[in-house]
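As structure tokens, here come the structures.
Two complexes come next, and they have one chain in common, chain A, joined by chain B in the first and chain C in the second.
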Partner chain A sequence: MMNFWTKLQALDRRWIYLVVWLVVMVPLIFPFKIRPVATPPVQSLFNYIDTMPENKALIISIDYAPASQAELQPMLIALLRHAFAVHRKVGVLSIEVQGLGIGEDALRQVAAEFNSHARTNADSVLNGRDYVYWGWTTPYITVMLGMGQRIARVFPVDYYGQKTESLPIMKHLKNYDDAGILVSVAASAYPLSWINLAQTQFGIHLGCGCTAVSAADYYPYVNSGQFSGMLSGMKGAAEYEELLERRMAQTGMDWGLRRKGTEAMSSQAAAHLAIIAFIIIGNIAFFITRRRKS
Partner chain B sequence: MNISTDPWVWIAAILTLAIFSFLYRENPFYRIAEHLYVGLGNGYAITFYWHRILVPSLIDPVGHNPSIVMKVWLIAIAIIGALYFTRFIPRISWLVRIPIAIALGYYSGATIPRAVDAEIIKQLRATIITRGQLAHWDAALWAIIILVGVIVTISYFFFSAERKGALKPLSYAGIIFIMVGFGASFGYTVMARISLFIGRLQFLLGDWLGIIK
Partner chain C sequence: MRRRIPLILVLVTGIFGAVAFFIPHHSIQAADESMRNDVQRIIAAFSLVLGVGSILAHHFTKIQRRTANWQYSWVTVVTLFVSAVIGLFGGIDPARPGILPTHIGSFSFHMQTLYMNMMVPLAATMFSLLAFFMASAAYRAFRARNFSATLLLAAAFVLMLGAVPLGRMIFHPLPSFAEWILAVPNTAAKRGINFGIQLGILATSLKILLGIERGWLGGG
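Let's turn to the complex of A and B:
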């Protein structure tokens, strides 16, 4: 028996990788149903966007690169769907240059989803009228402070090279005063910069969609009310997707849209159980071998 | 099973597997993928810096703006910015301090006063227990835990006095709060890493092999 625990402690880590690989892969192929329950920070961000005044827009800042796409893209998609479902204007920018393509993909996908169900021109989601993709510019301090005065001055042309001032949506979206909330979807410390620069100076309401790694760092800002809500990691995205699906079903938009965050939850749960088991077994092995040695 | 016929999906899938091969051991496929990523990332960023920043903010205004004052102003700023490259010439590398000093001054001036307000004053205010919180037992409990947690954690980092008397139990309690914080961070980190792996598997099994939706 002693030999077993000693061997276990010296186990090649590649066996653990193999187990994790299987534990994640099998539930993706044969998923079991999990209905995510929204936590208070997710619920409050959802409620905030849902009840935003009609003349206020949602601004989304894509503060991540493709490396964090798996966690954050489902959030971006869900936020865009929500804004278009409740007929709010949307402005999107990117603080990370490598996030530009991600933003374009998401906008194109969600606009196509809504346009494929649109019966009239008013139902459609159109670039320049219902949303604007400002793209990227630098440095971030100038962007965050400059947008509080005049967005068109920070982004003279949008991502597609159109003059920003010429877009109809920009008549209703001149600066932060016209935005109900700005959500920073981030894999970095940019949400803090949004608080420091945009909120402290201009008082804009902020939301945060962050990678799970950063979630523990940002909870104090939810508690203090500096963030009106927060989505943490893929789980946060899945919770938001759940709320959104119910909301869209209420208004006859039961389109069965793909929910990538929710689809991942069975794998996530299985992987967490495996990691917990590894930690428990590892600790038992450690204490047994230490006692035998002493 | 419905394997993709899109060559870009195949390239992405092969590169993903090349990166994953590092889990077995370091190998040339991993190194090729790693170098490709660094090179492509930098090339992409440089292209955007040129087209989105230098051309519209410097080259076009210098070429087309009729104001001589504006042209001189922009050229002067461009020269100051170009001083960053002097670090490659040892004889005049000290000139790099000029743009660094300007950038540091600007960033510090813009962020420090606001950070004090957002990260210290507002956070301190959030620890104050209000009458509204005391109206509900759960809100009151969390508010008390936060207040106690902040006090004992700060007392753990109070190094100006020896840890004895009242400071000793306070700092020990601080350790408990810090450990709980580390545990939460570790749990979230595990969740994050697994999520990234799930994302890649969704791509491999879905977009590439067509096994899942």
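Let's turn to the complex of A and C:
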């Protein structure tokens, strides 16, 4: 018996890798039904965007690279869907140069979803009229401070090379005064830079979407009200998707859109349980072997 | 002189940046805006040239000296060159072509295709390995050896269970308790740590501005 617990403590890590692979893959292929319940930071961000004045735009800053796409892309998609569903203008930029393609992909996907259901030109979501993709420029201090004065000066051309001044949307989106909220979807510390530079100087309302591992860093700013709300990790995205689906159903937009955040929650739930089981087994083995040794 | 000029530049621009924050006069604000929008961007453009030059010099040296894994340096150099050429001249996607043709028959290699089919899977693969290492580390190292470790373990259990639907099924208030841990004890600790960090940053910034800390000049 002693041998068993000692062996268990020295278990080959490849067995652990195999279990992790299985608990991630199987629920991805056969997901179980999950109805997420929104936590206060998620509900708060959702309510803020939902009740924003009609003449105010949503600005989304893509502050992450493809490495974090699995966790953060569902947030970006949900935020874009929400803004377009409530007919708010959207401006998107990227502080991370590697995030440029992510923004292009998300905008193209969500615009296509809305355009495929549009009956009139007014229902459509058009580049330059309903949204603008400013792209990337450097350094980030210039971007965060400069956008408070004149966005077109910071981004003279958009991601597609069009002059930003010539876009109809830019007539209503000159600086932070025209934005209801700026949401930084980030896998880095950029949300804090948005607070330090954009909010402190220009008073813009901020929201934050972050990886689960960095959520603990941002709670002080949610509590202080500097972030109007926060989505943390896959769970935050799934909760937002749940709120959004109900909201869209209320306005007849029951389109059955894919909810990648919610779909991935099965996998995440199974992985969490597996890790908890690993910790319990590891500790049991540790205590038994220690007691017998002593 | 080689040391004095950079020190004077840092002192003047650093103090100006801080002062501009407190003086709303339009001349100061205009100068500040020009510094941010023009000067900083020019410096950033130079740093890009410096960065590319540095990475090329590093890898060409490796290739020349045939150091360990020198073959991979060719991969970096070729990838850098190809992606730069396609990014500059190839256009974003088929709807927005550039001056360089970026498709051979139905096979396209414009920027967005390269990005979605190479950059995204490669980066995601690297990052997803973390889950395997975390599980392995949790099994081997996460032990309730003493009171502090047990407390950490308990908090981790509550947070992990609170983050999944099963937590609510096991004990209904568990997600709220997990939220409380993040919003109250975590916030209290984080604020204390942040105060310390910010004071440290302030002190270091002042030391750099006043030329007391000169490590950034190089040369030891």
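Just so it is clear, the second predicted complex is superposed on the first by the 294 of 294 C-alpha atoms of A that agree within 3 Å, B and C clash if a C-alpha of one lies under 4 Å from a C-alpha of the other, contacts with A are read in each partner's own complex, and residues count from 1 in each chain.
Going forward, a contact is a pair of C-beta atoms (placed from the backbone, for glycine too) under 8 Å apart; a residue touches a chain by one contact, two chains touch by 3 or more.
Just so you know, these numbers come straight off a predicted model, no measurement behind them.
S.K.: With both complexes overlaid on chain A, does A:Val20 touch chain B (first), chain C (second), both or neither?
M.R.: Touch status of A:Val20: both partners.
S.K.: Is A:Leu243 touching the first partner chain B, the second partner chain C, both, or neither of them?
M.R.: neither
S.K.: Which partner chains sit in contact with A:Gly146 here, chain B, chain C, both or neither? Use first/second/both/neither.
M.R.: Touch partner of A:Gly146: chain C, not chain B.
S.K.: Mind working out whether A:Tyr160 is in touch with chain B, chain C, both or neither, as first, second, both or neither?
M.R.: second
S.K.: According to the stated criteria, A:Glu104 is in contact with first (chain B), second (chain C), both, or neither; which is it?
M.R.: Touch status of A:Glu104: second partner only.
S.K.: So, A:Ile29: does it touch chain B (first), chain C (second), both, or neither?
M.R.: Once the two structures are laid over each other on A, A:Ile29 reaches chain B alone.
S.K.: Give one of first, second, both or neither to describe whether A:Ala186 is in contact with chain B, with chain C, with both, or with none.
M.R.: After superposition on chain A, A:Ala186 lies in contact with neither partner.
S.K.: Looking at the overlay, what does A:Phe278 touch: chain B (first), chain C (second), both, or neither?
M.R.: second
S.K.: Of the two partner chains, chain B (first) and chain C (second), which one does A:Ala70 touch, if any: first, second, both, or neither?
M.R.: both
S.K.: Is there a shared patch on chain A that both chain B and chain C touch, and which residues make it up?
M.R.: The overlap between the chain B and chain C interfaces on chain A comprises residues 17, 20, 24, 67-70, 98, 100, 137-138, 141, 145, 201, 212, 215-216, 220, 223, 233, 235, 268, 271-272, 275.
S.K.: If we count contacts the way the header does, which residues on chain A are in touch with chain C in the complex?
M.R.: Per the stated touch rule, the residues are 11, 13, 16-17, 19-21, 24, 34-37, 39-40, 65-70, 98, 100-102, 104-105, 137-139, 141-142, 145-146, 149, 153-154, 159-161, 201, 212, 215-217, 219-220, 222-223, 233, 235, 265, 268-269, 271-276, 278-279, 281-283, 286.
S.K.: Give every residue of chain A touching chain B within the complex, in rising order.
M.R.: 14, 17, 20, 24-25, 28-29, 67-71, 97-98, 100, 135-138, 141, 145, 156-157, 192-193, 195-197, 199-201, 211-213, 215-216, 220-221, 223-226, 232-235, 258, 260, 263-264, 267-268, 271-272, 275
S.K.: Provide the residue numbers of chain B that touch chain A in the complex, in ascending order.
M.R.: Within the complex, chain B touches chain A at residues 23-24, 41, 44-45, 48-49, 52-53, 56, 106-107, 110-111, 114-115, 117-119, 122-123, 125-126, 146, 181, 184-185, 188-192, 194-202, 205, 211-213.
S.K.: Residues of chain C touching chain A in their complex?
M.R.: 21, 33, 36-37, 40-41, 44, 92-93, 96, 111-112, 115-116, 119-120, 122-124, 126-128, 131-132, 134-136, 138-140, 142-144, 153, 156-157, 160-161, 163-166, 168, 175, 179, 182-183, 186-187, 190-191, 194
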